[in-house]
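Next come two complexes built around chain A: one with chain B, the other with chain C.
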Partner chain A sequence: MKIFITLFTSILLFSGLAFAETPEDKGLAIAKEDDRRDNGFQDFTANMVMLLKNRQGEESVRHIRNKTLEVEGDGDKSISIFDRPRDIKGTALLNFTHKTGTDDQWLYLPALKRVKRISSANKSGSFMGSEFAYEDVTSQEVEKYSYKWIRDEDHEGEKCFVFERYPVYKNSGYTRQVVWLDQKEYKILKIEFYDRKNAPLKTLKQSKFKQYLDKYWYPEEMHMKNHQTGKSTLLTWTKYKFKNGLKDKDFNKNSLKRAR
Partner chain B sequence: MPFVKPYRVGWILLFVLAVLALFRPPVKVFAHEISGFVTGEVRLFQNEALFPGQSNQSASFALQPEYYHEFESGSSFTFVPFLRVDSGDQERTHFDIRELTYLWLQEDYELRVGVRKVFWGTTEVLHLIDIINQNDQVENIDTEDKLGQPMINVSFFRDWGTLDIFMMPFFRERTFQGVGGRLRSATPIDDDRVQYESAAEEWHSDWAMRYSHTFGDLDIGLSQFIGTNREPTLLNGTDSSGNAIKIPRYDQIKQTSVDASYVVGEWLWKLESLYRTGQGNENYFAWTGGFEYTFTRIFNSAIDFGVIGEWMFDTREERATTAFENDIATGLRLAINDAASTEALLGWVQDLDTSARFLFLEASRRFGDNWLLTAELRAFLNQPMEDLLFDLRDDEIMQIELAYYF
Partner chain C sequence: MRFLGFSTDYRVFFSEDNPQLVAFETLQNTYTKNDNVMFAVEPKDRKVFTPQTLAIVEEITQASWKIPYSLRVDSITNFQYTWSEGDDLVVQDLIENAESFTDEQLKKVQAVALAEPLLRNRLITQKSDITGINVTINLPHKSISETPEVVAFVRDMKDKFEKKYPSIKIYLTGVVFMDNAFNEAGEGDMKSLVPVMYSIVLIIMALTLRTFWGTFVTVLIMAFSILTGMGLAGWSGILLTPISANAPTIILTLAVADSIHILVTLFYEMRHGKSKYEAIQESLRVNHQPVFITSVTTAIGFLSLNFSDSPPFRDLGNIVAMGVMAAYVYSVLFLPAMLSLLPLRVKAGSSSQNGFIDALGDWVIHNRKSLFWGMMSLIIVLSSQIPRIEIDEKFNEYFDTRYQFRVDNDYVEKHLTGFESIEYSLKAGESGGISNPEYLKKVDAFAEWYREQPGVLYVSTLTDTMKRLNKNMHGDDESYYRLPDERDLSAQYLLLYELSLPFGLDLNNQINIDKSSTRFTAILESVSTQAALDLEDSAQEWLRNNAPPEMASHGASPLIMFSHIAMRNIDSMMTGTILALLLISAILAGVLKSFKLGLISTIPNLVPVFMTFGIWAIFVGHIGMAVSVVAPVALGIIVDDTVHFLSKYRRARQELGKTAEEAVRYSFHTVGTALFLTSVILVCGFFVLTFSGFQMNVHLGLMTTIAILCALVADFLFLPTLLMRFSDPSPLREAELKI
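Up next is the complex of A and B:
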């Protein structure tokens, strides 16, 4: 019986992929496949350097360490710890992403030794003064958007799916995002963001992809350019480490206080 | 000029020795890490000083390095001394150990031994239930600067929440502005003649227990404190030359408190409430609570704008030992979200029974990667004679601080 069910669902799934008729179905199928390929990493730690540039070319740097835990059936849990600038050293952000609805967020302020619950309802706010919004840096779940496949095209020598995704979330800062996803490895190479008035807002370009655990492709560089302000932010990721044996208890208000 | 009182040196040394003797560092993994800040500060007062000995401006310097070391097991050692030298107030020139802690990290509990700072609470203007640490009142009257508290603290983590037990073997006296300092009471406080209800005086063992947990959008904390009151009762006395002075007396109290925060969309609701017995001869309830609402990316810019509203109440009303016995606080918070992290908080605390009001503005901006410029303005307006802030009526202060973080 079990075999039949498995067989039956496989056929259904396969036919779903093969005979996706509407562009919406195809877009969703692509997003699901992308999500499937990203699953199973368990946890990772990585260092992140944020280089902020304004229109005049003045630069400012932030150093952040990140720990992420994969949660089965829900969004990831993560802690971001700030090392630089020095005046905010030790400030840390705990984030529980949920597949739908708002995330749970707590901020640790080291000078006061205070953990403060913060409202995450509006995810369109700037993350640490950068051109990345909270909704750009928290974990991307299939359920957060609806999808529509647009076309296939070559982008920087790689065959890509080009699809649009529309935030389900009403407080998003975007009406839509256009995503370039390479068909071979499912790497997101580029995203164009359109603001609430559907005007071009930002472009994200991801590069220097590396494969980890013979499976996961992560970019080392993420460059976000804001077309309306002329500002840009370059995120550089280093020291990716997977399967560190992190647990649930490493992601609570208490571990946030002693996160270093 | 002795800036550290001899008996303070005594306990500081005792704790340093105890911690060093107890914990011989195992094999180290992380490099010994040094960070911290050094800061210069200028305080300017708009009005002439009311009391003899006070000046209209002062300058000061402070240093707070931090040493941190983490062992392979995840256990760690932290040492944070603090020193301030002040031109205006001898009492403000002081040394303290903010932190000197060994943290033992175990699978389902954590043990911390040494000097630490612990914060309880949710509200922004009044930190009502926060009781573990003594106020370092000479630093700032906002009660956010604290003296290091010696303690043994065990934390247990279970599915049903976090349980913290604190044993505090030594009590820290509140610091008070000296005769030369502004922001003080008319009658100077003589803390060399301090009195205690307990015969053990500052060696009385204080205990506290706290349960905290998160239920979805609700964060809640229940706490019980039994021990030496952090807030002294001020008794009238005279010094050797017959001048009036105030003598701090520390009662034995019991405080039961609850604190909560609740997220509803863009609203953040907060509550702190306590019941205290043993302070003077009146048991009382007090609470503070309100909301914070943030408008994100106003005018399509990166700027966030927050509104804060909080009510503070104390059932002792006019007999209360706090100036916030029935007051409404309104605050506006601005975060520019630029590279310099420019921020400002404007606050207005209005007494609901009198015309007394208290205004404050705190603003900061970073320069380069290491410099932080902070400005604070505080004004005490329309204070009637019976208000606890009456003595500060001419102490409108502008404080400018430039700190270098390393």
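Up next is the complex of A and C:
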């Protein structure tokens, strides 16, 4: 029975791709295929450096270590440990993303030696003062958007799907995002973000993709430019490590306190 | 002309390297821009905290995110209210779904709003009868249509909301609306005042010259001169501002003066029996030189505006200088050519004005002694008043109540909050240093000091947020409403808070990316530029005495920028005017071939300026940015009178060998009428400007009017007595003995 259902859904998926009737169907099919290709990594750890710049030319750096656990049937769980700036060293953020509804977040504050739940329904703001909003960095579940395929186009020498996605989340800062996804490896090369008045707000460019476990393509650089404020943020990822044997118990409030 | 655009940004008043502009831009580049649109929502029952009104505020807040170029919307409803619930820090909109609020809920949010230093006196009043919605606008400054676009959108919103909800009234203000008022002022004056003025000038000319064709040709000269000046301006990429938009008016009046001198002599000669061609020749012979000199000296006067620190004034000077020289060329080339082709007729011997002017000349000669001393004492009395003038003006009084912006802004200032601000970027001196308790304490003390200063309505500082967070983290215990004691504690509270904030309401507008400085904003009630500078001076003193050196920061804001530029403009114009005067006197000495006449000429050139400021001191008292340009503008015009009078005087003395007394009589006879006529026309031209709704233009018009009248008085009543007193050849002495 289970095999039959899997088979059936694959056929549906396949036919969806091949005979997509409406641009909406085709967009959704692309997103689903992208999601499918990302599945099965189990867990990974990586280090992240954020370089912030403002119009005045000032710069600032944040260092974060990241652990992510794939959760079957729901969004991923992750812990981010802040190493720099030194005032927030040891602060750690636990994050449960959900396919639907608001995500759960807890922050461990070493100065207070307490875990605080972030109880805000509206977490679309800037992530640590950067140009990345929380909704940009959290795990991108298919259910968080509706989709519409726009066209196929060559982008920086790669054949891409260009599709729009519309946030389901009512407090989102965006009306839509235009995504350039390469057709061969399903790497997101570029996203244009449009704000609530549908004016161009930011552009994300992802580059230096590397393949891990012969399967997963991850960018080493993510550059977000805010066109309205002139500020920008460069995320650099290093030391990707997969299948570290992380368990569910490594992602709860107690493990958050111990995260170093 | 096709390149001429209208600027819609108050920043055009500042040159790119203006230090206050640089400070302001740095601040905006470090945090975010602070151009804004402010809705003031006043419910007719004067109760903001009702479900209906709060729901409307929620709706307007929501809709405001759609305003073009909006970056951020702040209101009492979307204020990020924080409180603790067990181990949670709850961060959410203060007011959501107000429609279903109970009385208890209403009371609670009212108490929170009124206790919140970030809201009180800014977005809500103690009486809770009016509330504000502040929209931060980030104009890319790529096109001059951005400001009108925002204004049109917001006005449309206001109309729709007022129509949908008759229970509220909306007032609109903010920097964007002020910018727009500058724009409307310039355009409005061009559309309404200029046509009026043109008609007045034409009517006076036609009436006094009593010639159709002469008036017609003068109109052509005016038109050509204006087109040339403005066309060249368009070519050189000058953007029109309410200041430089006056250029056509000024060119017009000056072009008229040139033509009138030539026409008056021409008709005089024709009346005395000369043929048209002979009259044209004679008129050109006697007028060419003075018209040339006056054009050059006027151009110099206007070019001295280039000493101004403010580009619109420089533009005005350059456009007028080009127009004046064009007027000269057209007057001596085109005017005679046209006149020789057109049918001109005059009634012989009808010269009533000349009779009047001659009588005036005789009267002056007869009473020269008492006139000399009378004028001397008048001049001294008036000049002694000048020190009473204060360099001071109020920003919001730039526009009178004909502008909706002024009306709305006055209302908002009276009932809700101030328009003016002073901002500081307070540096902690190290990365992340804003969490340092020492730094926070200093900033807090500065805020406390600032709040006590007269005229300060509101201060926005990070320290209030820090205190609130500290309280929240201690189970909302009021005794913890104070700054955290430890650096890492502050930093971590901030991180937690930042992670909880929604789109657009982050702290990036008050903390720099390196967390090494914060923005500090004081909102002031309507203050004069002098008071603003005084406040900023004492703030600087406070920082010097109480804060570490790295915290030193100059106040930045449009108010501070305008306050400084008014002062600096006046200083630089002093230099410009003095240099222009020296240059003009040197030219006069050279052309009149008499050092002495050159020297004497400085007196009637300077005297009207002193008299004008003296009269101004008595009747108005304070001067602002616009008035600093009057001296050079008036100088250019005043000199004309002197030149015409002196050139005729010299001609009489040297060509005709007359005594000083006879030469004075001759000057009155030959140029008196023309001087009188041109003065009347110029006065009418500039006086029209006083009907502008834009205060700079009112002052410019009024002061120039006074200056022209003073110049006429000085040239008719004072210069002749001087000439007769200090002219050496003996005929004068003999004449004097006879009296």
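Some points to look at:
As a working rule, the second predicted complex is superposed on the first by the 247 of 260 C-alpha atoms of A that agree within 3 Å, B and C clash if a C-alpha of one lies under 4 Å from a C-alpha of the other, contacts with A are read in each partner's own complex, and residues count from 1 in each chain.
In this section, a contact is a pair of C-beta atoms (placed from the backbone, for glycine too) under 8 Å apart; a residue touches a chain by one contact, two chains touch by 3 or more.
Every value quoted in this text rests on a predicted model; they were computed, and no experiment measured them.
Aligning the two structures on chain A places chain B and chain C in clashing positions. When the shared chain is aligned, chain C comes close enough to touch A:Leu93, but chain B does not. By the touch criterion defined above, A:Val142 reaches neither chain B nor chain C. Using the contact criterion defined above for the overlaid structures, shared-chain residue A:Gly173 touches chain B and also reaches chain C.
Within the superposed three-chain arrangement, the count of touched residues of chain A is higher for C, of the candidates chain B and chain C.
Residue contacts after overlaying the shared chain place A:Ser126 against chain B and chain C alike. Once the two complexes are laid over each other on the shared chain, residue contacts for A:Asn254 go to chain B alone; chain C is not touched.
Using the contact criterion defined above for the overlaid structures, shared-chain residue A:Ser60 touches chain B and also reaches chain C.
In the superposition on chain A, no contact is made by A:Val49 with either chain B or chain C. In the superposed model, A:Lys113 lies in contact with chain B only, and not with chain C.
In the superposed model, A:Gly230 makes contact with chain C only, not with chain B. Two complexes overlaid on chain A leave one chain B stretch from 56-64, 110-118, 164-172 or 362-370 clashing with chain C, and it is 362-370. Comparing the two interfaces of chain A, the one with chain B and the one with chain C have residues 52, 54, 58, 60, 85-88, 112, 114, 116-122, 124-126, 129, 171, 173, 195, 229 in common. Across the complex, chain A is touched by residues 26, 29-30, 32-33, 65-71, 85, 87-93, 138, 140, 431-432, 435, 473, 486-493, 495-496, 498-508, 511-515 of chain C. Taken in their complex, chain A has these residues touching chain B: 52, 54, 58, 60-61, 84-89, 102, 104, 112-114, 116-122, 124-126, 129, 171, 173, 195, 229, 249, 252-254, 258, 260. Touching chain A in their complex are the following residues of chain B: 35, 37, 68, 70, 76, 103, 108, 110, 117-119, 121-122, 144, 155, 157, 162, 212, 214, 216-217, 219, 261, 263, 265-268, 292, 294, 296-297, 300, 302, 304, 337-341, 366, 369-370, 372, 403, 405-406. Those residues of chain A that touch chain C in the complex are listed here as 52-56, 58-60, 82, 85-88, 91, 93, 105, 107, 109-112, 114-129, 133-134, 171-173, 195-197, 199, 228-231.
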